[in-house]
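You will see two complexes here that share chain A, one where it goes with chain B and one where it goes with chain C.
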Partner chain A sequence: MAEISFPLPDLGEGLLEATVLEWLVKVGDQVERNQPFVEVETTKSSVELPSPIAGIVLTLHGEPGDVVLVDTPLITFVVADDSAGIVGTVPQEAAPKRRVRLSAVLDED
Partner chain B sequence: MKTDLASALHWQQHEPALDAGLAPVLLLHGFASSTALNWDATGWVRDLTAAGRRVLTIDLLGHGESHAPLETDAYAPSRLRAAILEALALAGARPREAGDPASGVDLVGYSLGSRLVWELTAERPDLINRAVLGGMSGEDPLADFDLDAADRFLADASAIAHESTASLMTLMQLAPGANTPALLRLVAAIKQERFEPGASVPSRPLLFVTGDRDVLATGTTQLAALAADTETLWLPARSHTNAVSSRVFKQAAIEFLGR
Partner chain C sequence: MSEVLEGVRETAPTPLLQLSMQQAINRALGEILESDDRALIFGEDVGVLGGVFRVTDGLQQRFGANRVFDTPLAESGILGTAIGLAMAGFHPIPEVQFDGFAYPAVNQIITQLARMNYRSRGRLPMQVTLRVPSFGGIRAPEHHGESLESLFAHVPGLKVASPSNPQQAYHLLKHAASMPDPVIFMEPKARYWNKAGVNLAADEDTASLEGSVIARPGKHATLIAWGAMVSRCLQVAELAAEDGIELEVLDLRWLKPIDEAGLAASVSRTRRAIVVHEGPHTAGLGAEIAALVSQSCFDTLRAPVERVTGFDVPYPSGDLEDEYIPNIDRILFGVQRVLEYRRG
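After this line comes the complex of A and B, so read on.
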């Protein structure tokens, strides 16, 4: 198993921070990719953020009302080793390699 | 005579993966907002389609990807409503029929969108099943907007004395992608056609949803008292800006519109 943290993304328009309104998941929850996990508010609007990966929630960085800075950790997931890339990056979704049998299969007929 | 009011509007249909067989839901966003900000980024389109609802979104004139005409008259609330009804007809909405849960339309509005939803529901009880009115004000804050002060502010950054004008101006300046000159034309048109909730009152079932820290949406209780069939939900610790993404709001709306 491996841990992957995701920072608060740049929400655009030069915003540097956001306030946590409500966590939509709790520690120990299995979260699917693209499932919204938190509701945050900026000076301009409020939004739900979707999870970039599937995993189990290990840590929520901040309570409702806390200010989180862009590029600082927002959530940490535990993921299976084979789906973990370098910590802090989104793993590549490479197609599995296919083995091709080179020897001929003899026809029993 | 055929008009093409709806052609100035950018509207989109969002299909559910599994259709619940219910009426389509039209979403109308607030002043200085857009479909993208009010309904997409906040999860409304996703949650409604996940509940099996067909969703229609419209960017109001001068907002989002809709046109922003130069003449003030184009922004008159009565013309906005006519354009919305045209778009609904083009999207295949049809009048309510007893025993057919897929007939008619359900409406969800926020702020200025709720004013339009109130008026549309009062005008077209034959078409509209149920309506959700989010962050709605009984006294339209846009109608008291000081346009001269806004023009001076834009010309030379003169301070705006009128409090709600100043806060609406800040909202316009902060809103991503907002077209301030178009928004000021809309304000001018609204001043000519002020909201008069008592003039025409919806008879269909209504759900009011307001943040209990919303200082812009005053009068929820008085509006609810005007109509016959209403429910009211207060969202704890929510303001005008952050009530719209509330999960409790979305769940209550989906439940109410599914009845």
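After this line comes the complex of A and C, so read on.
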């Protein structure tokens, strides 16, 4: 298993911080990619942030009402070591299947 | 029979670590950074994220952002940076995130990286180890799976290697990184997650890391492969054994230079050869191998060298790659063709 943290991104033009309004997930939850996981408020608007990956929530960095700085950790996930990353899938190891049989008469000399 | 671990000498038994190829490469990279303070790792998402395949996971935390750092999404710039750093005496280990992203860097690779040592009469050697997650098998979108080995192997001044299992990846990468020449290290992404025993202590004998290695001995025909196709050929050999056919599997490991002596030794015993690769058929590396085998084994060959390859089409994305990558039945057909060939 590996831990991956995501920092608060800059949600506007050069904003420095945001206030956590409500966590939409809790520690231990399995979160899917693009699932909204938190609602934060900036000086411009409040916005729900989608999760960039699938994983299990390990840490929520802050309570509702806390101010989080841009580029500091917002949420930490635990992901499986064999998760595929941003594209593609992990190949499934299946028992080898065949339709072709070899039928050779070998004239060894 | 399971995969034979090569490069393991007859010494005191060392406990094997169960590592995936991504973990084995991660460990090798960490050791290279530790032992060589000129070594630098950079590329897209290799720093903070730890690589899209987790291959550089934790290295920035361990060695700092001056030695392991993220670059803009500009492969030409990544390679240009590597070339400049190598000229200044560093040992760059850049990553091109997916083989399909290497094309913008091809100009830098061919016109500068490959010939700087030659051009400068040896004054500017290019100790650059370029890691490229390569080939298909993970059902990725377009540009995320290619087979560039014949392109790179064609360029004088480059070396090209491709490991087939974690043990090999660990030792082969450390060996490649110790070379004074640029090495394109093609990591088969389809094999990143498969765990196998790794003997970390087997690397003292670098001679064992040159050339090809017999992954499975046999006597009726030789399957020649590299990267992810080695494990598939081992499956084929297992199935062929049920039919009474003993296939040898030769894991090429080095695609430039090609181990001509190893090829000749194997095929002169088995007298039949089938090359298996993911890349397109025409002017693929299989053509070069077929020529080498024909030349060295002409008198003993019982059949023309067979090639089982990808097709002459752009690399297909998603599920279509199952139709493109040589599968077990297509390889078995190739074996059958060389077995039943009779001189006219």
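As a working rule, the second predicted complex is superposed on the first by the 83 of 109 C-alpha atoms of A that agree within 3 Å, B and C clash if a C-alpha of one lies under 4 Å from a C-alpha of the other, contacts with A are read in each partner's own complex, and residues count from 1 in each chain.
Here, contacts are C-beta pairs under 8 Å (C-beta built on N, C-alpha and C of every residue); 3 or more make two chains touch, one makes a residue touch a chain.
Keep in mind it's a predicted model, so treat the numbers as computed, not measured.
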Chain B or chain C, by number of chain A residues touched: C
First, second, both or neither for A:A2, with chain B first and chain C second: second
Chain B versus chain C as contact partner of A:D81, first or second or both or neither: second
First (chain B), second (chain C), both or neither touched by A:E39: first
Chain A positions touched by chain B in one structure and by chain C in the second: none
Touch list for chain C against partner chain A, complex: 20, 23, 49-50, 52-54, 57, 137-141, 144, 189-190, 193-194, 220, 235-236, 238-240, 243-245, 328-329, 332-333, 335-336, 339-340
In the complex, chain B residues that touch chain A: 33, 37, 41-43, 46, 174-176, 241-242, 244-247
Touch list for chain A against partner chain C, complex: 2, 4, 81-82, 84-91, 93, 96-106
Contact set on chain A toward chain B in their complex: 12-13, 21-22, 24, 36, 39, 41, 43-48
